[in-house]
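What follows is a set of structures to go through.
You will see subunit A twice below: alongside subunit B first, and alongside subunit C after that.
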Partner chain A sequence: MKKIAITKLNDLYAAIAQNQSLLLPIKRAGQTNFGIWTEDAEVDLQTLKTVKSAKDAFFPQSENLYTCYKDGKKISIAPEKLQEESFVVFGMKGCDVRGAMVLDKVFLANPVDNYYAARREHGIIVSLACSQPEESCFCKAFGIDCAEPEGDVVTWLTADYLYWKPVTEKGEALTAQVADLLEDADDKAVSEQKAAIAATVEKLPYANISLEGWNGDALKEKFDSPLWEQLYKPCLACGTCTFVCPTCQCYDIKDYDTGNGIQRYRCWDSCMYSDFTMMAHGNNRNSQMQRFRQRFMHKLVYFPANNDGMYSCVGCGRCVDKCPSHLNILKVIKAFGKEGK
Partner chain B sequence: MHDHECTCHPGYVHDTLVPQVGIITDIRQETPDVKTFRIEPPQGGKFFEHMPGQCAMICVPGVSEAMFSITSSPTNKEFQEFSIKKCGELTDCLHSLEVGDQVTVRGPYGNNFPVETDLKGKNLLFIAGGIALAPLRSVINYVLDNRDNYGHVDILYGSRSADDLVQLKEIQEVWMNTKDVDVFLTIDRPQDGWNGNVGFVPTYLRELAFDTNRIAVLCGPPIMIKFCLQALQEMGFQKEQIWTTLELRMKCGIGKCGRCNIGSKYVCKDGPVFRCDQIDELPAEY
Partner chain C sequence: MQGLKARALELLNDGTVSRVLGWKIGENTYDPEPAFFETAEAMEQFVYNNFCAANLSKYMIEASKLEGKTLVCLKPCDSYSFNQLLAEHRIDREKAYIIGVGCKGKLSIEKVKQSGLKGILSVTDTDPLKVETLYGDAEVAYKDAMLDRCHVCKGKEHVVYDELYGESEDTSDADRFEQVRAIEAMSPEEKFAFFQAELSKCIRCNACRNVCPACSCRKCVFDSNKFDSAQKANVDSFEEKMFHIIRAFHVAGRCTDCGECSRVCPQGIPLHLFNRKFIKDINALYGEYQAGADVDAKGPLTSFTTEDAEPGVVSQGGIV
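Moving on to the complex of A and B:
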């Protein structure tokens, strides 16, 4: 265990940024999101949840796959370079780190998505324990410990110090880069904070929500349930839940003609949109009820069925906070679970 | 395919999202709205090896990209073909292209008809409607090119009119003249100059009253599949004897973009070929 005085955090950021780009929560125009550190950036470690998850670091909202050049009839293809330099994502919370592990199951499964794989290979995660979990948090239900999150380095923020604990080889290597700035610390230094976080978590209304009955089984029974018809009604199909979600991975592939080459890019898409599955011979999910059902069935039934029971939800609660219709995955879990019956 | 080292991203496996350039080397007008395109890489030959039923993504850069079944059989060692119906933005554009024009191709995607396992040694009944002959043509030609490995072959093919029958030349000149192959054609409505059967495929299927000592491979519009499935079951076929394909919107082709997800399956990766009892296990959302 190491530590650094919070008055020296800027030196730490600068030291990290000297060797690689550093992404961390930055406040801009009143909103905190992950962004690249610069000397004049307003770093915000106090806001518990960035508006969007840290998903962009590994699976950007929009990225080029290749550029297609046309010379008369002749086409040539120039693939986009993959991530080659290492980078650090600092301040990821336990839910977002697990979110990346959920995305790994998708993008690193055969056939591997090289664009994602290269980012994961070169990305170093410095996670941060959640000193003040909020009402909408329910990561505990998915076995996530926000008092000691996963990551290459785990950190804790107290009134005076940032405590720093390397966990993986990547984490050790990063620690060696900034060793001059770190002092030795006792593991016990954060035990009080960890206990306080655990106590706070226990008091959260949804921390212990039961996922009983949600697994890959009884797929058709859940699919055919009349509950969906009641649950989906307030849904506006805005897609906000999918865009703030750390695990939503649906994407679109499109071409943009720049006038000097046609860029093939992919960008986040949403299964909540009416044209998501539209094709020439029709649409297999043509009602909002079907699309709403798809999102939750995927997260709580289809995904676990394919991934040894791992849910495609990490309980970050962003969809709970951001849905304009106050709909969310908690309502779905409860409606089907024993609490709803 | 997926294990090759990537030529554009050294150190990584072959990147299936980056396509190859394809040159259209032949176009056959099959029907008023279906053309068969022969597409080859610049050096000629085939883009990759495929199995019957597998698909590829074809793109006109700047227009769109979509999944098409590879209609030529793997036993065709020289080139690959795609039969494409004009029915949307991309296919309208493809139909306007000429020999020599270039597109991009990536694949092969999906699973294939079990030609080397479940179909081997069996009598086979192929049932197709309209453009759905495209995926079946690959299997049929594979079977005919390996004739000794399969039993008797019946092909039931129907379309709206005589003008809408795809690959008619090959059907008449090759399939109808191959030993132990019976071809039954039908069109929806009577038409001058048509001496064959008139009526929908499911009705004709019942009239032909095939015995159940065969595997059925069924491909067509959803409504035809539904009624043919009903007919086959009434004729005594088990769902385990019937193979078909699903078709959903696709973008990536590798089971990640989420479009073709149905239940815990991705049609682009786990399909498009399914046995009918496997389809029963999926949510009714196709």
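Moving on to the complex of A and C:
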């Protein structure tokens, strides 16, 4: 275990940024999101949840895949450069780290997504324990320990120090880079904080929400349930829940005409949108009820059925905090629990 | 609230209305959701408290297509949106039974959180708000937890209703155009920096558009699949700006300034400022106009008079 005084954190960021780009929670125009560290960035480690998750670091909302250029009758194709340099994502919470592992199941399975794989290979995750979990957090229900998250390096923030524990080879290598700034520490403060977090987690209203009955076996009865018709009604069909989610992974691929060529790009898609999975024959989900149902069936039924029981929800609670109509996955789980369906 | 629920139930039971459009009790005081109620049993979940901020008038577009009348609960400012939709023939007055519900300013849980409180377990909708959190109890003054829009309240009168329930208060304590004037006074560079900082947060979730009562097109131009660009991608900062500016132009003269766009933005972008700039300019160019105040009024941008401002005003830099 290592530690560094809070007053020296800026030196730590500078040291990390000297060797690779550093992404961390930055407050800009009143909101905190992951962004690239610069000298004048307002780093914000106090806000528990960034508005968007850290997902963009590995799977950006929009990215170019390749560009076609036209020169007379000649066409050339230039693929987008894959991530080659290492980078650090600092301050990811346990839920967001697990979120990346959910994305791994999708993008690292065959056929491997090269763009994503390169970012995962070169990304170093420095996670941060949640010293003050909030009411909409329910990561415990998915077996996540926010007091000791996964990651290459795990850190804990106390009043005076940032405690630093490398856990993987990548984490050891990063630690070596900044070794001059770190001092040895015992586990006492971290153990105390972990115990305090565990006690708080037990008081969270949804930490122990039951996921009983949410699995591939329940597919048909869940799909056909009349509850969806009641649950979806206030849904505005905006994409807020999907865009703040650390695990939503659907995307669209489009061609942008640059005038003398084509940029093929992909961007996040949302199952809430009317053109989602639009095909030549039309759309296989043409009502908002069906789109709404898709989101929760995917996270709680289809995904675990295809991935050894792993849910594609990590209980970060961002959708709970941000839905304009106050709909959310907790209400869905509870509605089914109540009806016993 | 019990009286409102009883009255709604009475109208549902005697067949005056086929359904009730109101709010359903949430997991907590602060998260009621808009809901349709069709049975007495469902009505047990009906709630009306000071966190019922959602403007229900837009749901009347769909409700107007249903059999029978829909009882809709509208707050004074919501009634302007209803009227505007009526003027645009998007909803059917005959299909609505409006209970104008009292409003003393609506609360926002985001505002409660902005006061520094974390881990909110329960909160009252009283003055002051009594907040129980994982990390201790606290109180927040009602005014401090009110939505921004309520500080520039349109007043306590409903502009359209069938009957009224409850008392309303005019909660305005700020100048509606103060922020607009502050931005107008900025240099072009400062303006650009301000809007870039705000709009670069946009995640293109389209919540502002989808909640907006003035955005009632059956299919939004941005949802066209004939474009190279995508309505769901924040491709570059230019496009993000274009989306919001185009949207503001599209609702100009029709926006009632209901403030829903800013209420729902997950990134806290003050989108209503665009609309207020248009409202301020329209007031200056065509005379005072409040969209939705009078269902028979001619829209400033959809009617022509010989007194209209010449287009040259725009090329001269508009009205400041």
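In the analysis below, the second predicted complex is superposed on the first by the 332 of 341 C-alpha atoms of A that agree within 3 Å, B and C clash if a C-alpha of one lies under 4 Å from a C-alpha of the other, contacts with A are read in each partner's own complex, and residues count from 1 in each chain.
To be clear about the criterion, a residue touches a chain if its C-beta (ideal position, glycine included) is under 8 Å from a C-beta of that chain, and two chains touch if they have at least 3 such contacts.
Everything quoted here is computed from the prediction, not taken from an experiment.
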| item | value |
| --- | --- |
| Clash-or-fit label for the pair subunit B, subunit C on subunit A | fit |
| Contacts of A:E134 with subunit B and subunit C, given as first, second, both or neither | second |
| Touching partner for A:L181 - first (subunit B), second (subunit C), both, neither | neither |
| First (subunit B), second (subunit C), both or neither touched by A:M101 | neither |
| Touching partner for A:G239 - first (subunit B), second (subunit C), both, neither | second |
| First (subunit B), second (subunit C), both or neither touched by A:L82 | first |
| Which of subunit B and subunit C A:Y265 touches, first, second, both or neither | second |
| Partner chain(s) touched by A:A41 [first = subunit B, second = subunit C, both, neither] | neither |
| Included angle at subunit A between vectors to subunit C and subunit B, based on C-alpha centres and rounded to the nearest 10 degrees | 90 |
| Subunit B versus subunit C as contact partner of A:L227, first or second or both or neither | neither |
| Touched partner set for A:Q249, first subunit B, second subunit C, both or neither | first |
| Lowest inter-chain C-alpha distance for subunit C and subunit B in the superposed arrangement, angstrom | 7 |
| On subunit A, positions contacted by subunit B and by subunit C | 252, 255, 257, 269, 278 |
| Subunit C residues touching subunit A - in the complex, by the definition given at the top | 24, 26-27, 31-36, 54, 118-121, 133-135, 197-198, 200-201, 203-207, 209-211, 219, 223, 225, 228-230, 232-235, 263-264, 266-269 |
| Complex contacts: residues of subunit A adjacent to subunit B | 65-66, 68, 70, 73-77, 79, 82, 106-107, 109-115, 117-118, 216, 219-220, 223-224, 249-253, 255, 257, 262, 264, 266, 269, 271, 276-281, 284-285, 290, 294, 297-298, 301-303, 305-306 |
| For the subunit B and subunit A complex, residues of the former touching the latter | 2, 6, 8-9, 12-21, 59, 61-65, 87-88, 91, 100-104, 221-222, 247-249, 251-252, 254-259, 261-264, 281, 283, 285-286 |
| Subunit C-touching residues of subunit A, taken from the complex the two chains share | 28-31, 33, 48, 51-52, 61-62, 132-135, 200, 203-205, 233-234, 236-240, 242-244, 252, 254-257, 265, 267-270, 273-275, 278, 322, 324-327, 330-331, 334 |
